[in-house]
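Multiple structures are listed underneath, in structure tokens.
Each of the next two complexes has chain A plus one more chain, namely chain B in the first and chain C in the second.
And now, the complex of A and B:
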């Protein structure tokens, strides 16, 4: 009351309160000034040997470990940090993929394809930091939470029949990892939108502005991935730091209108492209919350060799022209295998803004052909004398519980020659599913929707544990390390995936449950009734009754019918006898019954109509 | 690794350890399955020989009972077919037996165990009968109900007309010659049999327990073998009717229908035993036929068994109705059923309903066979009574 009468005192109090809040917030920011949340966005473009374009978006957010509970995030998505804290996730990867990664044309050994080529559908694996017996419960809750977060049916992975615990073929190999995949899940813009919501600028500013849905989903392959790592264990009582990497890998076909202008007669010219021609948009400035925002263009070894570029003359471009000048050029550290190197051009997006949007284009002047390095790589045979070399391959395959696998029919082919299984395979570990048994036929409620299409067997992971793919680029200053370059330099394991198999399994007729039940029960009733009848029948009495019935029939047709039935049954026709005297008595009883029922019906109708 | 993991095998662990290596061992230059096929063929031949011996036993008993009833002149004995030979030939030449042997199934061995049990009981070889019964029950659950015909066989002897007829005959002749009467029910062989059965079952259980010690023990074995049979987990299409039923029935009613179908077998044991107690071998035949019709996973190997046993009774069942209809029905179903199976599963042009129809027709044929067979046997006894007493009566025949 007093305050209302003196409005200036009220205003003073409110102002002081606001000032104090700002000061506290400012102070707390200053306290943790060294460890702040960071966000960086990058885009990598690469022309593939079959003239398609690979666009790889890489968004990385990191939240530092904090000692306070319920810390506020201003860049890092709160949903993810709650997920990590609630389920104690050490590492997790979730990928939504549509399309098949073409290992022959697009490569399998460079770091990009070994970490970004995923099987079609949804793949989820997670490492938990909880005791062994809680992991299954944590996995189940995680699948449900992710299902709600990303609008996908990841919750199908919750039952023990659909996920597995790889032990030695799947890195990180420990008992805490759980792996599950849904091969038939369709990926659409409904999954992309929640994924984009985790970014600080969404798709309204920065590089994410390029994510035009029609052009994305027109591509040959697109895969959006989410990779979480939490640094530090939560047993020390502090919230661990989290690094969230969101990557989107798209393989697109640039339209070839521009190429026709240059060389009309050439058939093999690769199509020129630019960001506006592929995505229909241009980058109009960076996301203001991003610490760094850059676009990279990669020429891999094969292309630079075809170009004739070596470490000396990488400045000159005889065969293509870039529409913007790169800000920096990185060279790969030279390796002993070949003289050609990968070259990485870097463009800073900070320099561009709304009025001067960033659009990079590549125009080819000469037709070139090159190849990329495939898996498996070359294995040197320097160790052994007879020219053979050893290559260790781990294969991890999940087979759904309703498919029977006959292990004795396993065949191994080396160089398309069949070899004995025991020579090649060192160990097989089979873990059958515990609660559901393998059947050739399922119950009616166990079939997935649209069962007539078939069942998917998820792809197998083939890993070469002795080989790692990495690309190390020479950099001038190591202070400003971009996350993409660090990922290049990480030794990531080479893990190509096989294709998803579609197995048509036989289905029963789903429209017939009532009919089947009724007919089967009829058969059983037939058995039961007739057998009991035979067992307790008094044959002599029945014969007398039959004789009496036969005597009543005087017409020709019933006589013929009874003769026919007797012949069919193999019995002799009994001669007619005189009818017993009780027939009239039966008749009057019957007439009385009929009159009684008719009277009841009339009365009912009369009283209730 | 446990032999029951992954739900591929649901049989006896002893069978697996005895016959499993035979399926894997290879002889150079011969096809892969030669050794196991040899075992099946030997099992079939042994079963046929045992059927023949039992058939001869039965025929001798029948002739003896006719003699003691003084019906030898009225019934033309010379027209009697040699039932033992016919039964053995039917069993060996049955296409169902051959198919079961070619398909490398375990039916020949299960059939051999059942026939061993019946042969031992007929010939009063009690340890052999006990062994056969224990092994047959161990391999598949259903031969357990053969204990009742075995008890009757050991107590009263092989098939003979009802005891009442003998008493009536001797009343007529006013000579009570005790030696011509068939012996009464004796308990001694039964106790002997129980002892041997107990011994054999303890032995088998101990062996199984040893082989399954680190995989969960005997309870795991019972759950995987008997539990699997009783709960009808596997719904692969077969010649029976239960697979489609349990694929389509809703979860709520599953237990109820399981109980109903298994009680159907159990319920018929008592009325049949009461009515056919003087003919234990025929009772065994009816039990085997009912089991192979209503069991959880029927196959043609089970049909081969009861069709072979049917040959023992060619003389008594000469007046069976619908015999031609049944024969044509069996031939028709055995030709159509693989065709429908192929159409549905391999070509994808047919439907599950086609195959299920043939399975239903097959079940109906088996029902007709059982019902008409029982009816014909009861009529035969009635005819004997008419021959003895000279007039039909109101009482049950």
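And now, the complex of A and C:
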């Protein structure tokens, strides 16, 4: 691919005697009053109703707009900034996911799940700031660059069967967006390492220290995302600022040993957990480069309701016990239609150090059961204002051109009752593939590797344009707003994904082309040969020749043959003119032939047995 | 059997006439032998049929050949060959002009010229690839009038008599003298001037433009000055003050596409102890931009920087009690770079064939501080380790290292066989005569590598007759040849900058053509493939057709002979 040349590395060493000196160089950046590059790290923990634990890592780096063409960086990863510069990306999201998000029990209508539940495999969408006719070329180059950057086969997204241009029904829809997925891409630690490389502290310090590979990949769900937004237009000479959000969402099963020891009899109790028991590691202080470094523990609306927690008594928690005291507690801004509130406990990692590592644990005292917020799949007239029960649902799916979708077979069920399609569906828009016609034949290089396993049809995105998930927490504005909390406050669209469909298509024997060529050619050759033979044949002459031959020497077989032919022609056998030259019953030549055939048969048998 | 009786005179009936019928015939023609003769003309029907099949078969071949033909853009093989033979046979000559000015000497300029030339020929080492075609003119300035050599070229006539006097060199400020001389000689592109003045304080200085001067004592003789003049002209102005064998002459840290990416990395080994940052934007503007502009004709340089954290070095340093510091030996330097933790990153912004030069500044952690670098001779390196980080100082070292990559020394003294010369440094990092040396060397290297690449491409293309060659490659080769020709003509007329630029263009185009993705792909349509696909059809069919045609021909000849034999017999009978 790219011809890498061995870089020359030159070294300089700086030794320092005094600690004070080190800020000399650092201070010069501040003088100009420019905004600096910032980094923050956060971790959100949430117990799920089905005895699992959700851990959501959120790292945010931002680079302010600068005049230096984005060549010089202090915290922000150079590779990402160069990527944005080179391909003029306005917004991009790349996610690597393993496992399936359980919408039923893990929730589908809160900001976390609606933005972090991703389809299995790789999903990439990008909005470009380039003219329409350059977008496809940019997309292809981008996929190649990303596949190099993240050690994944994202470059398969360049084939036109895997990506498309969503025109509507995909939230960031505009003409400049490209969306593509690779459902069968396996995600593993080789994708995580380059992702971690983009963090200034990597996994050497701070919250990222918890990312212990074996415990991460043992989980039920694992989704690693990279979302970047470039602010401001790059056409004005001043280079655009970039915000890079890196999130990692894992759903893990806490070890229930602790719970068993305490309440061996009670099986329904939630397992107690601590950071060290889940990840096998502890946080020994923050990443020194991070502006803020905090861990949050979220209690769902359902959980706090089951707990009996309200805005008055949230300090006392009768059903569970925390091993560390939270630094702050945020309450959700009360909404009109639900009484219960989410509660967010915040722990600041800054206070902890290597000698006193941060390790939060949660011990359940009483068994509790609750439910997460579901996707708004249930619409009732209570939800709407004018009494009519209306719910707008957009479905967007990319189907490769070789799979035919028959829309006449589409059926719609409302409340398990079949309905006429025209009553329910307002608009269907099919953008056909532009470079392939529906011939139904795949070229040999269009088959995926291991084609016998089947073809993965990417999952559909269902979006509810009238619903937005957001969680607003009461906080005083004097405090620096945490990126994670402000992310919660954004109205993000609710977008559940359907499951990936595996279509077993007939796969040919890939050596078939040669076989077909060979057999066709042989048939042609046979046809030509026999045609030519017939054309130049002299039937009468041959018969006379045969007869002359028979007259000279008549064996037993030729005699039989001539008899047979005579019989077939319905004539009397002409008397032979000369008596048979050899009267022996068994011809020596015949014996030889029989022996030869028998030998061949024996050899054949021997060889193949 | 019915046919036999019905068609007794058909062409075949005569061959095997039955014994019963044969005796009846001799009544009319007694000599007729059915095995050797026939009465009728042999038929042409089947012969015509088989031959028409054969011909249509043969006619089809060109069509088939055309249909399986692959597209090959015509490449100018002959021009490629002529370029490489041109570069190989007559070495690339760069025209140079030397001008030696003797102030206060009363000697014959022609005699001086002759002795300088003889010294120069002693010093010149023949470079097999590129050499210089120099002319020399000598002027002796006597204040009131000038003595010019008879063979002086038009270049030297621009010098005004008496514009340089011994008084100019009395002051000790070399920079002022340099500026003064620059205004006198003017900065002609490929003209190097050398002034020899009699004075009090003896000194020998090479300026940052294209001239040098030497102040010799009153009593010293001209011959000594001549040796030094010849040495500075050859060793400094032509060879750039480099020692042979120190670094490969052709080596240039320039990528095949003529680009260099300077990637600066500040590595904080342990940010828990301290975090360093730098204001690289300012350094870029003040220190690097002038140098990058100066090197513009040689390479297209871009700069980027980043700060990395948690980057421990890969090898240990040892505590030295005497120095009270940790000491890292130079011989361990290859193990210093920790490729697992130092994510220096190849640049996305750089193209595939650009050369990336990584400059790393390592800030040791508190527990290995202070860290010193020990040279092989046991001394502590002064330039590669700093206590107190002064950015200006650090970047001077960077520039020094960069110069070293280009083969120049960072020392400001050139020690020749006949004495020392002070070299005035330029604030741009490279002096003008150094840039000239680089341009010449760059042009020479690029042209040779372009010719080699194109030669290999033409050999490859000719050796694989079934390789697809796209039009784009043909275009790139054509443009590369054009650029190479332009560079050659520019070089021979002494326009270094543009010849360096077009030579690097020629080289990058040649590399582009050679590494074109369509050439790299292995899926070219081989002859074996073609044979495997078509042989199951053509082998049996052609066998049938050819054999049938042969058989028919043979039979026709046989039958015709029979007919002729009968005819001759019939003629004799009548």
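Please note the rule applied: the second predicted complex is superposed on the first by the 476 of 609 C-alpha atoms of A that agree within 3 Å, B and C clash if a C-alpha of one lies under 4 Å from a C-alpha of the other, contacts with A are read in each partner's own complex, and residues count from 1 in each chain.
By our rule, contacts are C-beta pairs under 8 Å (C-beta built on N, C-alpha and C of every residue); 3 or more make two chains touch, one makes a residue touch a chain.
Computed from a predicted model, the values in this text were never measured in an experiment.
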{"item": "First (chain B), second (chain C), both or neither touched by A:441", "value": "first"}
{"item": "Which superposed partner A:524 touches (first chain B, second chain C, both, neither)", "value": "both"}
{"item": "Partner chain(s) touched by A:599 [first = chain B, second = chain C, both, neither]", "value": "neither"}
{"item": "Partner chain in contact with A:280 - chain B first, chain C second, else both or neither", "value": "neither"}
{"item": "Which superposed partner A:512 touches (first chain B, second chain C, both, neither)", "value": "first"}
{"item": "Contacts of A:534 with chain B and chain C, given as first, second, both or neither", "value": "first"}
{"item": "Partner chain in contact with A:75 - chain B first, chain C second, else both or neither", "value": "second"}
{"item": "Winner by number of chain A residues touched, once chain B and chain C are compared", "value": "C"}
{"item": "Contacts of A:289 with chain B and chain C, given as first, second, both or neither", "value": "second"}
{"item": "Chain C-contacting residues of chain A that also contact chain B", "value": "517, 520, 524, 526, 528, 532, 535-536, 538, 540-541"}
{"item": "Of chain B, residues touching chain A in the complex", "value": "1, 5-8, 233-237, 241-251, 260-261, 264, 267-268, 271-272, 275, 293-294, 319, 321, 344-345, 348, 351-353, 356, 360, 363-364, 367, 370-371, 374-375, 378-379, 382, 392-394, 396-397"}
{"item": "Complex interface listing, chain A residues touching chain C", "value": "2-5, 7-17, 19, 21-22, 24-26, 28-29, 66-68, 71-75, 78-79, 82-83, 85-86, 145, 149, 197, 200-202, 204-205, 288-289, 514, 517-518, 520-522, 524-526, 528-529, 532-533, 535-536, 538, 540-541, 544-545, 547-548, 577"}
{"item": "Of chain A, residues touching chain B in the complex", "value": "404, 430, 432-433, 437-445, 504, 506-509, 512-513, 516-517, 519-520, 523-524, 526-528, 530-532, 534-541, 543, 569-570"}
{"item": "Touch list for chain C against partner chain A, complex", "value": "3-4, 7, 10, 12-13, 15-16, 18-19, 46, 49-50, 53, 253, 255, 263, 271-282, 284, 302-307, 309-310, 325, 328, 333, 336-337, 343-349, 352-364, 366, 369-373, 384-389, 391, 394, 397-398, 401, 405, 515, 532-541, 544-545, 548, 551-552"}
